[in-house]
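Please find one structure pasted underneath; my questions will follow.
As written, the chains take the letters A, B, C and D, and residue 1 is the first residue of each chain.
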Amino acid sequence: MPKKIIRLKSSKLKSTRLVTASRELVADVALANLILFDHDILDGFGHVSARHDQDPERFVMSRYVAPGIVTPADIREFGLDSEPVPERGEKHYSERFIHGEIYKARPDVMAVIHSHAPPLIPFGATGAPLRPMYHMSAHVGMGVPLFEIRDFQNEGQMLIRSAYLGRSLASTLAEKPMVLMRGHGATIVAASLHLAVYRAIYAALNAKLQMEAMRLGEVNYMNPEEVEACLAGVESTNERAWALWKKEASGKKR
Amino acid sequence: MPKKIIRLKSSKLKSTRLVTASRELVADVALANLILFDHDILDGFGHVSARHDQDPERFVMSRYVAPGIVTPADIREFGLDSEPVPERGEKHYSERFIHGEIYKARPDVMAVIHSHAPPLIPFGATGAPLRPMYHMSAHVGMGVPLFEIRDFQNEGQMLIRSAYLGRSLASTLAEKPMVLMRGHGATIVAASLHLAVYRAIYAALNAKLQMEAMRLGEVNYMNPEEVEACLAGVESTNERAWALWKKEASGKKR
Amino acid sequence: MPKKIIRLKSSKLKSTRLVTASRELVADVALANLILFDHDILDGFGHVSARHDQDPERFVMSRYVAPGIVTPADIREFGLDSEPVPERGEKHYSERFIHGEIYKARPDVMAVIHSHAPPLIPFGATGAPLRPMYHMSAHVGMGVPLFEIRDFQNEGQMLIRSAYLGRSLASTLAEKPMVLMRGHGATIVAASLHLAVYRAIYAALNAKLQMEAMRLGEVNYMNPEEVEACLAGVESTNERAWALWKKEASGKKR
Amino acid sequence: MPKKIIRLKSSKLKSTRLVTASRELVADVALANLILFDHDILDGFGHVSARHDQDPERFVMSRYVAPGIVTPADIREFGLDSEPVPERGEKHYSERFIHGEIYKARPDVMAVIHSHAPPLIPFGATGAPLRPMYHMSAHVGMGVPLFEIRDFQNEGQMLIRSAYLGRSLASTLAEKPMVLMRGHGATIVAASLHLAVYRAIYAALNAKLQMEAMRLGEVNYMNPEEVEACLAGVESTNERAWALWKKEASGKKR
């Protein structure tokens, strides 16, 4: 009986060897899925990836699983062509090209989140510009471009299911931290996975607050100097929130 | 003592024999009740049914129980006249005619959900057309008729408590995936139970987002080509959300 | 040791003898507190009472405890003068006169809920009439008077801390199922405790839906015939929701 | 083994000796963090302090930890210069000057809460005056000044990271119970920690209700006499809510 347990453990180890990124990164990407699910940024759909920490030509992301139930065992590796490495015949997110093409175009980006966060949808659908309400969402003040898929193809297809559309999205994103996608959602990037999660959560909250404020009166948004000063600050305070979110997500019965 | 246990089990088996649909379908209908309750589509009221998987002239649905506490043991069978088979003198939903009449009129429909989902009520009450905000709720783009019960009877009665009113509702629904009911709620159908649950959840979310977007500016809705392309896609991705919802609903202490 | 347990139990019995209402009613009033707290009708404040089931000249209600943590052991009896019977020197809600004066004025009323339910506050503050959105809240269609305390006294005091103000509120309520209180909340009554809980929950939901609908367009409210027809129906379906709410409230860890 | 337990306990005692405030106050400040987190007043950010109960020239507050996971072991002492006493080389909130400068300027203040409570942000961003909707938030009727940091410095920095900015905020607060901070949040004070928590929770709720009411019609706010009468009352009823919040926060699995 104890022998059986040992064998099980060893076979488990072997299977995770397929992933060459560090265990820490793999655990963090799984955790980011749960945190974003707990904060209503992802639901049964959407995905989050991180650039491979040993090989910048790869990224890690879950296989075809709803974010709210992703575990470290679901994390796989992908090349910058957005194809799984190694290819094991598993099902993958059809929009994985969002990730590969952004990692290609943006060497500074270490994490990518694609979501259908509800508060962002009305901004994408109306073209109303998302603007920075308060220091927590200063990144919104760097400018939020709007991706209109009709500018890039005509067949009514709305998802980023090809490298071509991934490149188109990456070119609309340009050097910004996020891009809205009309009738679809948003994609958010950052120089670290923790910061990308922070940005996704507070961009959605900014959207909610902005909708309320616009109905209340003339809004006094942050000015460019304020945006810049806050961006410098947030990078260091971000870990305070991560510690909380990690504890919440880890402690929750699923 | 072991004998007693065996006897209990066998008497349990006998009682479930009254239901002739597969155990899988019965379990799924009970689960759909819990999932829709967890997502605020059903509350103490509303009901969900599936067409019988062995006999297309029947459907399965809970007896008179609040959706949030339905178990497989509550599932019963009904003929297309919306009467229980067999008749056991139990109390049943007075609006069960919604289900029977739609199954009669629509051979393609395999599941029916009748709900009072709050975000849909303002659309029914104002006649403001529900329109497709994003790919997740493309089915809204197939058109959402509005059922006005005053067109079919005059006594102030608002519920679908007769075969006649059920037929009236089915004729307003026509070939669409859902129908709003003024001052009452909505009824949603699909070619599978899982897809009906998906449609109910994202139709309500679409309503919330549309109300926000309409206050924000001119809304750029999905166009017919986009609706069509997305409808093809959702049928296959739907199971990803179901796996999550099933795990959530099953794991929850009730 | 077993003796001690027996003695404890017997002293417990003696103490509950102070309450002469049935154990079932006492348990139901405690449960109603928890249900209304779970549905955001009551928070740390507000109270719910039921007319005594053995003596119509009394009512039962919690002593001075936040609704979310009321247990059967907190339930006390009060005369129609709103004073505790027997007087035990305990602290009581200062607004208990709401209850006594309504029970005096309305022999048909068997339960009274006083709440600060958030969705009702904007209606009280603006005087916008609350109107019936759908069959679930048909009782709103019986008419919802607005109590303006400035009409009855001038010192700035806003709470119903005297029999005089309780009578004033009861006279504004008249024969209706609920009364809004400007800058304060609402008071809801019914011919049974279960129905009063139902009315409180769906009146708040009606308020939310009406605010949304009024921003969406011209609202087609229920007409008087529809209100009347639905009122007859709800009395019988109400217990379906109560069974759910009871299970939820009882199963929750507090 | 029992010896080891004893030694652990004694070393624990020694370490908490660094805090000279009463154990009760330390526990209450930790609890206030959890309560404010549970009510969406604080999230991963913001902080709550209380004036030291043995030494009015000090205050107690958590070290650099997200409010949702603060425990009594995280509570530290600070001088009115907002520096930790003793200095142990730990990281602290950069905005701790909010607390020290208010305690200096306002001898009546026994607790300070700095939050980014979402419903308050639109009022700060638009300058729309927050006004008292109902007796629960009568303190809003004492007047809510708006702090514009651009009036005090020009570099785009938005946080209160110096004694100078802390003094500026305290002078804008003046003798009021709260101050909104444009593009940032709010700071709330009271003569007791429990009352400060109460004020923070109901100020946010007032903001939500006021936004709804303003869209519904002309709002009939509380008048000054009503504000004054309610303020006298709330001080005594406040503990009823605290008992609930304490039980909720303490019983929650974290």
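The definition used in the following text is that a contact is a pair of C-beta atoms (placed from the backbone, for glycine too) under 8 Å apart; a residue touches a chain by one contact, two chains touch by 3 or more.
Everything numeric in this text was worked out from a predicted model, so none of it was measured.
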Minimum number of chain-to-chain touching steps separating subunit C from subunit D: 1
Of all the other chains, whose mean CA position lies farthest from subunit D? B
Subunit A and subunit C share one sequence, so how far apart are they rotationally when you fit their Cα atoms? Give it in degrees, rounded to a multiple of 5. 180
Does the subunit A and subunit D pair touch with the same residues on each side or with different residues, judged by whether over half of the numbers are shared? different
Distance between the CA centroids of subunit B and subunit D (whole Å) is 46
Can you check how far apart subunit A and subunit B are, centre to centre, with Cα atoms defining each centre and the answer in Å? 33
Going by residue number, subunit B touches two or more other chains at 215
With chains as vertices joined when they touch, what's the shape: line, ring, star, complete or other? ring
When you check every pair of chains, which ones turn out to touch? A-B, A-D, B-C, C-D
Within their complex, state which residues of subunit C touch subunit B. 132-136, 205, 208-209, 212-213, 215-230, 233, 237, 240-245, 247-248, 251
Subunit D - residues contacting subunit A, complex: 43-45, 64-69, 94, 116, 118-119, 121-128, 155-159, 182-185, 211, 214-215, 253-254
